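You will see chain A twice below: alongside chain B first, and alongside chain C after that.
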Partner chain A sequence: MSKALRRRENISGYLFLLPSLIFFLGFVVFPMILCVYTSFFDAKLSANVPDAFVGFQNYVTLWKDPVFLKALVNTFIIVLVSVPVVCVFSLWVASAIYKMKEGALSFFRIVFYLPVVTGSVAVTVVWKWMYNNYYGIFNYLLKGMGFIEKNINWLGDPKYALACIIIILLTTSVGQPIVLYVSALSNVDQSLVEAAEVDGATNLQVFWRIKWPQIMPTTLYILVITTINSFQCFALIQLLTSGGPNYATETVMYYIYYTAFKLNNFGYGNAMGVILAIFIAILSAIQFRLAREK
Partner chain B sequence: MKITSGRTKAYRTVTLIVLIVLALLFLFPLYWILTGSVKTMAEINSATPRWFPQEFTLRNYAELFSRRSAPLLSLFGVEVGKVPGAIRWLLNTVFMAVMAMILTCITAAMAGYALAKKRFFGRTLLFSLIVAAMALPKQVILIPLIREISALGLYDNIWAVIFPTVGWPFGVFLMKQFSEGIPGEMLEAARIDGASELKTFTSVVVPLIKPGIGALAIFTFINSWNDYFMQLIMLTSSKNLTISLGIATMQAENSTDFGLIMAGAALAAVPIIVVFLIFQKYFTKGITMGAVKG
Partner chain C sequence: MKKYLAILLALVLVIGLAACGGTTATTTTDQQTTTTTTNNEPATTNTEPAAEGEPAAATEITLWTYPIGNWGNEEAVKALTDAFTAETGIKVTVEYLTYADGDDKVNTAITAKAAPDLIMEGPERLVANWGANGYMVDISDLFDDTDKAELNAAALAACFTDAGAAYEYPLVMTAHCMAINWTAFVEAGADQYVDRDSHTWTTQQYLDACAALYAYYGDTFSGIYCSGQGGDQGTRALVNNLYGGTFTTADHSAYTWDDPLNVKALKTIYDLQGVEYDPSINGGEEIANFYNGIFKMAYCWNIAQQLNPNSAGTGAGLTATGDEIVFMAFPADGDPALQGGIWGFGIFDNGDAARIEAAKQFIKYFCDSEHTADAVRTANYFAARSAAEGTDLSAIWADNEIMNEYTKLMPYLGDYYQVTKGWAQARTAWWNMLQQVGASDGSEEAIAAAVASFAAEANAAAQG
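Moving on, here comes the complex of A and B:
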């Protein structure tokens, strides 16, 4: 490449990038740095008090804060339940539908994606009604079938509240993985599948030996995005339980919001944000490592 | 040739039945929103659920649109017309989603093209930064962003939810994937013809990556519409709310009037579902192309 051409490539490359870069640096990278920076301060959001440098104080307090620890445990429960369930469920649905005719395939893909498109607020308010103590359909159905004797206050009972949240979360999480798996499964090298079938391999053998390795990158991607989404579970909590009863549904993301905006403890909220980001980074790295070893 | 035995046939039938039952369960919340929105107070507050509304009423919608409390337009502090709050929220949401969509598509198409086809200094580093940023918890970044937004004077302004959406790197990543497919010879030919960089982009690159732009447009529109967390922390005054946020506020104020809340939920969900159904082919493509391969 000539020197003049290289210069032209450099300049035009940056000019094309510039508009996007302004938004990316200004509204993603800069706040990220700000998050780490603010986490070392005792900062208030509303009052005009200057931030006071406190070093690692916020990070020390964090591990002694029973609410944060409870939120962390709940968040891990949500992640540990939802990630495997979402992966297995969406892989099963995708395997069952990917060979269907275009119309049927689209139908199922759309139906499982609908809770995502409907939006967290609309989805949450209708589930709130369905879980309702007096007018909800769950109490009616379960009582009718004889599973329970009297109405249960699903969201108000620490025994059930978190499970109720996880159920809603699952319905809004499988849409994207199903779309991804359908596409990955239909891209599996058909000649290999046929060759194995000629050799008398069973369906299960074909799946584990041929399809599974080929859809591994998709599985990995789904694991990572589902983990990130489950860690950030917020809207359901804010709209249904506000973390209650007795912190039974407190999640890290809700506690961050509550601390930063309701308690006006902005620096502390940012410190928790940093910790959450670190946890997500570690888990994503582990998933990458495991997938590569396989 | 494989012989379909009785067992696999039975297995297929069972699978199909399970799939259909699951599909109905996934459709149910939406059905419950729509039917709930036209049920009378008595039917809603009945311990025995009415699976089909017996008396059709528009009371809930009348209530939703009853008070003309918000200005239709407010430009430079001048307010024109009076409309019900819900209409104003809907207009805000459409404006937000359309603006986010247009800005994202323009900036991401340019940046994606540069990253895929331009050999400029620091390209690999920048691309790694973009991929790494996609693994960050988006909601955590929005917490420190609130201070930046306040400093820019954008707090409680619809642009505060548009700019961070444009900055999110997914679009750039997606457009890079699509731009990889542009044949180098076509760019070379345009250069030899003496076309300017901008001309090459608009007349050669854009037509080739149009399906990608379509996918990104619909993807951004839907995600922006439903990004409840960002809307919640950035917008406060009643006339600036989005439809999701408005419904959330409404349900916090009248938590027992499920009919009214379902009418609101329907108003928030139906437009975006219609958009999704019209463009779902593009949407599916966007999701699958955006997955990190390998």
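Moving on, here comes the complex of A and C:
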């Protein structure tokens, strides 16, 4: 290919990229830069008081803010519980269904994917009914079966509230990993599997030595995506608990929203956003590193 | 050829994107909001010319309104704005906000320098928040001596800052109250503790009624909702009224809810059987539980709810199952102090004198003219003034039995303290405090500690 032709094709390619690039720069890169920039200011919603440069003050204040620390702990609990559970559960389900006939396979894929495509508000409303303190189905069943004497205020009791949120998060998170794992397992080289079986490998050995390495890229993708989604848990909190009771379900994402949009303290909220992004980046890097070593 | 085709495609895409992004102020940008523009041709004969030296009014303005009675109803508001357009020639584009995300939208619009010309809400937002932060136009010139004489003194005071600037022109007001399921009260024998005629009861009568209800139903019949998201005026009023505690200082410079009388009230509520601090529900959900017969009392109530309980359209003053609802003042020894609701219009300072002038015309038209009665009726609340330009407003609800009965509560309107600085954070601190009290062991020390901690947080916000 001649240089001129290659240049022409490059230009064409970039022109096709341009619309997306404009969106990416305008709605991702520019806000990110602005977020970091604003985090160094005492930026509040006030025309009377100009934003004041405070250096790292917002970042220092963060670590003395008990609500932020509580939100950070809650966020890590959500991540540490949901990421392994989502991965293991979706791998288990995918392993069980990927060899099924097309009709049955589609049925299960639909069942598990339905919460993903259903609007989060609709999902949340249904769960809120089920958790309801006065007429929820969980209390109705548990009381009916004699497991509890008095209704449990699932979302109103600090002992249960975060677990309730995590359960909803799991149901909305496993759909995509299951579909991905079904696809990845279907693409495992069958000749290697058969060869291993001929050589006398057990099912566990076949899985661990043959299938697992081949689905590792999928696993890595699922780990990273689930980690990011778990860190960014917001809608459930906003719609169900507003961070309560007694900060039991406060997450960093919700606290950012509350600080920025309810208290109009944009500088402080952006500082939290930067810290959250750093945590996500570090965890994702660790996951990539471990996966590469594996 | 290929190159030109690529350039053409890219240009089409870019122009398409630009076109998509270039929405005008009259375009609805969110599926949850509805936008309408009045299209009536103006009747030129009635249009008042701008006074000499004043800028000519713009011909288009925008109004964002929270759901204040039927001011949240597109059909009702369109009838009003159409009439305004016909008389003044000024078109009004209306966007309907919800309390769930209205503040976020307004704040986002302010930061994007796209705030509406007019906004309809109360002094806690218009005066204490956006006004205090320099985003509103001082409209004190709209109040002449006659207006000041006609306007309710509490409403008037709430719309002005200490420095004399006015950021809201009040249209309607009400007193927030609580409600009881009268049918359930009768069944439980708790009706004996209620003065149905005056709609008042003492603290002891309230406690006795609670005891009777629990003895009869044996389960939770009332929830101190505290998941946030609004309605907190009800829980504040209950706590403050039980033993006469206060929420702020008289000059609204500090929060005083760590008053020992409030601690005593919170402890009393904690000890009441059948009344639970419930962090899983908010004010709206409490109303729904009351309407559906789960709760026998509701603390998040006012005349709008009495006229149309749970906004369900199933009959005034009735629950879903047809039980009778009676509105009540909060229990107090002596006169109760009810939380007020004052709603009116404010103008955002968008730097356009012509639009500000048009917005002022809108305010005078709806808040101080012969058209005020229609605007008040649309809100389903009480007029914030006795008369407007010769039109008597004191009897506009004479033909409505429920509204007439509700006027018995209006003299109990208490201090409008929602204009205290740091209000947004103080509200959050209040419901977080209720959550902590509910989760505590119920000892007076634990309750006092929670109260002190969150009152301190609110006061820190008040200090800025």
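Basically, the second predicted complex is superposed on the first by the 282 of 294 C-alpha atoms of A that agree within 3 Å, B and C clash if a C-alpha of one lies under 4 Å from a C-alpha of the other, contacts with A are read in each partner's own complex, and residues count from 1 in each chain.
By our rule, a contact is a pair of C-beta atoms (placed from the backbone, for glycine too) under 8 Å apart; a residue touches a chain by one contact, two chains touch by 3 or more.
These figures come from a predicted structure and were not determined experimentally.
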First, second, both or neither for A:Phe261, with chain B first and chain C second: both
Contacts of A:Tyr134 with chain B and chain C, given as first, second, both or neither: both
Partner chain in contact with A:Phe53 - chain B first, chain C second, else both or neither: neither
Which superposed partner A:Ala96 touches (first chain B, second chain C, both, neither): first
Chain touching more of chain A, residue-wise (chain B, chain C): B
Partner chain in contact with A:Trp208 - chain B first, chain C second, else both or neither: neither
Touched partner set for A:Pro158, first chain B, second chain C, both or neither: second
Touching partner for A:Pro245 - first (chain B), second (chain C), both, neither: second
First (chain B), second (chain C), both or neither touched by A:Ile110: first
Chain B versus chain C as contact partner of A:Ile228, first or second or both or neither: first
Common ground on chain A, meaning residues reached by chain C in one complex and by chain B in the other: 8, 12, 15-16, 19, 23, 45, 132, 134-135, 261, 266
Interface residues, chain A side, partner chain C - complex: 8, 11-12, 15-16, 18-19, 22-23, 44-48, 131-135, 153-158, 241-247, 258, 261-264, 266
Contact footprint of chain A on chain C as seen in their complex: 2-3, 6-7, 9-10, 13-14, 17, 103-104, 107-108, 110-111, 132-135, 220, 226-229, 276, 278-282, 289, 294, 424-425, 428, 431-432, 435-436, 438-439
Complex contact set, residues of chain A against chain B: 1, 6, 8-10, 12-17, 19-21, 23-32, 34-35, 38, 45, 93, 96-97, 106-123, 125-130, 132, 134-135, 137, 140, 171, 176, 179-180, 183, 197, 203, 217-218, 221, 224, 228, 231-232, 234-235, 238-239, 253, 256-257, 260-261, 266, 269-270, 273-274, 276-277, 280-281, 284
Chain B residues touching chain A - in the complex, by the definition given at the top: 2, 8, 15-16, 19, 22-23, 26-27, 29-30, 32-33, 36, 44-49, 103, 106-108, 110-111, 113-115, 118-121, 123, 126, 129-130, 133, 135-148, 163-164, 166-169, 171-172, 197, 201, 222, 225-226, 228-229, 232-233, 244-245, 247-248, 251, 258, 261-262, 264-266, 268-269, 272-273, 276-277, 280, 284, 287-288, 291-294
